[in-house]
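Each of the two complexes below includes chain A, the first together with chain B, the second together with chain C.
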Partner chain A sequence: MQASRARLFKEYKEVQREKSADPDIQLVCDDSNIFKWTALIKGPSETPFEGGVFQLAFSVPEQYPLQPPQVRFLTKIFHPNVHFKTGEICLDILKNAWSPAWTLQSVCRAIIALMAHPEPDSPLNCDSGNLLRSGDVRGYQSMARMYTRLAAMPKKG
Partner chain B sequence: MATATGAEESELNTYWCHECDMSVALSSSRSSPLMCPHCRTHFLELMDSPSQNDAVAPLSSLSLFDSPFFHRLIHHHLVSNSNTNTTDSPNDDVAFEDPLSLLSPSLISSKTASSKSSATAVPVILVTSALLSQLDPTGVVSCAVCKDDIEIDEEAKQLPCNHLYHSDCITPWLELHDSCPLCRFRLSAAEEEAEGEEEDGFDGALTSSEIRSQLRAAMVRLSELMEEEEDDFYGLRTTLNHIASRHGLIGSNGASVVSEEGEGGDSENFSRIGGGNGSE
Partner chain C sequence: MSKRVLCKFFAHGACLKGEHCEYSHDWNDPPNLICTFYQKGVCAYGSRCRYDHVKVSRPQSSTASSSITEQRPPVSDDVVFGNTGITSNGVAAAPEFSPSRSPSLIPSTPGWNQEQQYHEFVGEDDVGQSRIISPAEIPICSFAAAGNCPRGETCPHIHGDLCRTCGKHCLHPFRPEERAEHIKSCENKQKHLEALKQSQEIECSVCLERVLSKPTAAERKFGLLSECDHPFCISCIRNWRSSNPTLGMDVNSTLRACPICRKLSYFVIPSVIWYSTQEEKMEIVDSYKAKLKSIDCKHFDFGDGNCPFGTSCFYKHAYRDGRLEEVVLRHLGAADGDTVIAKDIRLSDFLASMHLQ
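Our next item is the complex of A and B:
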């Protein structure tokens, strides 16, 4: 408990210090609870998520960093490895490949990388995975772009 | 104890008694309907012949100890022992407390000593300035678990991959995992290597005859334990011999060994167990 608190505080200070280091990630700690964080990540360029801003919710266990944080998308996203309804993310480093060397910041980077490089063979969103697995890249990109526009972009007047 | 003594070689079959939870050797021609000699019930199931398939199958490392028969045997013994605690002498209780621990330690160690040992295997060191500057030109090394800098004279652990952590930070991780958080270096891999250098590597290049001789030694030790009992009360000796014959440890002529009894029979069993290695 104490170790996780100290480690999260360390990460908090690091985030404050390096605010401009990674302009694609904006990591914010809950005002009253250091175990709850949210992040805003920019959809990577040259992907159907480009131009969108996606919100992630972090729930950090007390055993952190021995155990991974729980992360899910709050913003709707059409991606093979993200559950369309719950926002759950299928990513090895959030499960069995976790290592305490990861930070909340680097987890965000890993999620951005996952957005750019989906793994259709372990899908949480079967519709999205099947489009890619059947080779329909255009169909996948079209669907993903539509949901990016619907859910991840500020409404234009 | 009527375990089909001296039955005809042709008709001796092995049955699993679901009531006693162990195997019994019965000759099907003699007693009909079939009855377990121990509990005198008929809840018997014919087991596959010990001499046919198993003797031919190659004996992989530790396959005997993965065998459900062995585990049932151990389980059965533990259960019956705890039931009869009051009548047994205290020595017997001690002797049978943990049958697995009686086996050759090297046989079990490779299975049980995985991550737990790697946590303790890495020694705790006191950080020196020389070590820090050796790891980093600036002399600043941070612990990847807590992200704090590692200071001189702090207790630390350096993994075989050279990565340095606070001792208190890395130990709980190593108790659960077998890898370096930074480079995923597997600690058990290093241990195996080290063991290999020391004692010819139990994991890698163990020939089947070596495995057999180790298993045989384990069998003999178990049998010796059972000799202390007055008679083959739990049918353990029979079961043990059966397991041994199933795995070809005492040759293909398992059926004749299974049914032997009495003082003379015991010594002969041992000699068979000990001397049956000519075939390999």
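Our next item is the complex of A and C:
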């Protein structure tokens, strides 16, 4: 309990210190609860998510960093490894390949990498996975871009 | 009166007043075990106080007062009270007492008189010259050896040669073994200090703190992994390796692996300093293993128990008579021509498997 708090506080200071270091990630800690974080990540370029800003919700367990944080998308996203309704993310480093050397910041980076490189063979969103698996890359990209426009971009006008 | 109470400084083996002490230096006399603060009302130590919390004015109420009265049966309670009355302010009263009682103990001039000392030294030196002893037997000036001799050039004693590592004049010019020994130990010390200095900056990747800046001494240790060179606190890496494998984590590929490079290490070596070369790491690992090898294995239990680690156990496997365990490995020829090393075969294993069928 005390160890996780100390570690999160360290990460908080680190985030404050190099706020401009990674322009694609903006990590914010909840004002009253250091175990709750939100992050805004930019969709990687040359993907259907380009131009979108996605919101992530972190829920950090008390055993952190011995156990991974729970992360989910708050913004709707059409991606084979993200549950379309709940925003749950299927990523090995958030489950069985977790290591205490990961930080919230590096988890965000891993999620950005996952957005650019989907794994259609372990899908949480079967429709998206099937499109990719059947080779319909154009169909997948247009669907993903549509949802990015609908949910992850500021409304115009 | 207080002569009948054992002096507590004497009891610890160091009473500066010697025979002038107003307390007894006779082991047969009882010590004063009554808390003086409690007598006055409040003792800050409360129940943790090492002295007895009893009111001595109440007759025969405690072990301390009764033990005193036992030894001196004719003395009544008010004497006991008076006794402790003196000891209760004995600490404060002592400086007033001692000059009058033992004037010889407080010299009017300080004993560490420069001039007097100088004459002594000169006198010694003269004797040394007249007897002609070998220069190796003359001790070197201890002031110079400690760093600085106030007399400098005029010092009658030999000033040792400068040790380059510690910067003190502590090398005896005529004792070669002593010199070599000092230089060696000094260099080792210096190396250790350097390593410690370099280790200060190193951070643990689990708690993200500097390992040697942790609050408790037990935490200020590195945990070295045998197969890679990533630094962690001993507590962090042990916690991670012993944490429960949840969410389908594989013990070998996740928990036993380095959190950074995922290289599998089977054991962690505690160390106060971080190494800079592989030789230093080997030295740390070897000394750790040697230390464990001198401790009896609790699983082996002098031959009564059974150690699950067998021949690869780091601890000592010795029987009660000091004989070391001899391991005879059973080599079995497998069908494909390879040889395998068989584990211990036990009757209980067969019985257990039969029971299942």
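Note that in this section the second predicted complex is superposed on the first by the 157 of 157 C-alpha atoms of A that agree within 3 Å, B and C clash if a C-alpha of one lies under 4 Å from a C-alpha of the other, contacts with A are read in each partner's own complex, and residues count from 1 in each chain.
What we mean here is this: a contact is a pair of C-beta atoms (placed from the backbone, for glycine too) under 8 Å apart; a residue touches a chain by one contact, two chains touch by 3 or more.
Keep in mind it's a predicted model, so treat the numbers as computed, not measured.
J.: Clash or fit: what happens to chain B and chain C when chain A is overlaid?
T.: Here chain B and chain C cannot both sit on chain A without a clash.
J.: Return first, second, both or neither, reflecting whether A:K10 touches chain B, chain C, both chains, or no partner chain.
T.: In the superposed model, A:K10 contacts both chain B and chain C.
J.: Considering only touches as defined above, state whether A:K95 meets chain B (first), chain C (second), both or neither.
T.: A:K95 contacts chain C only, not chain B.
J.: Chain A residues in contact: does chain B have more, or chain C?
T.: C
J.: Applying the touch criterion given at the start, work out whether A:L66 contacts chain B, chain C, both or neither, answering first, second, both or neither.
T.: both
J.: Taking the options 145-153, 271-279 or 289-297, which segment of chain C carries the C-alpha atoms that clash with chain B in the overlay?
T.: Clashes occur only in 271-279.
J.: Do chain B and chain C land on any of the same chain A residues, and which?
T.: Common interface on chain A, chain B vs chain C: 3, 6-7, 10-11, 14, 65-66, 99-101, 103.
J.: Considering only the defined contacts, which chain A positions touch chain B in the complex?
T.: Answer in residue numbers: 3, 6-7, 10-11, 14, 65-66, 99-101, 103.
J.: Quick check: in the complex, which residue numbers of chain A touch chain C?
T.: 3, 6-7, 10-11, 14, 63, 65-68, 95-101, 103
J.: Where on chain B is chain A touching in the complex?
T.: 144-148, 169, 172-173, 176, 179, 181-182, 184
J.: Which residues of chain C touch chain A in their complex?
T.: Those in contact with chain A are residues 205-209, 236, 239-240, 243, 246-250, 253-254, 257, 259-260, 262.
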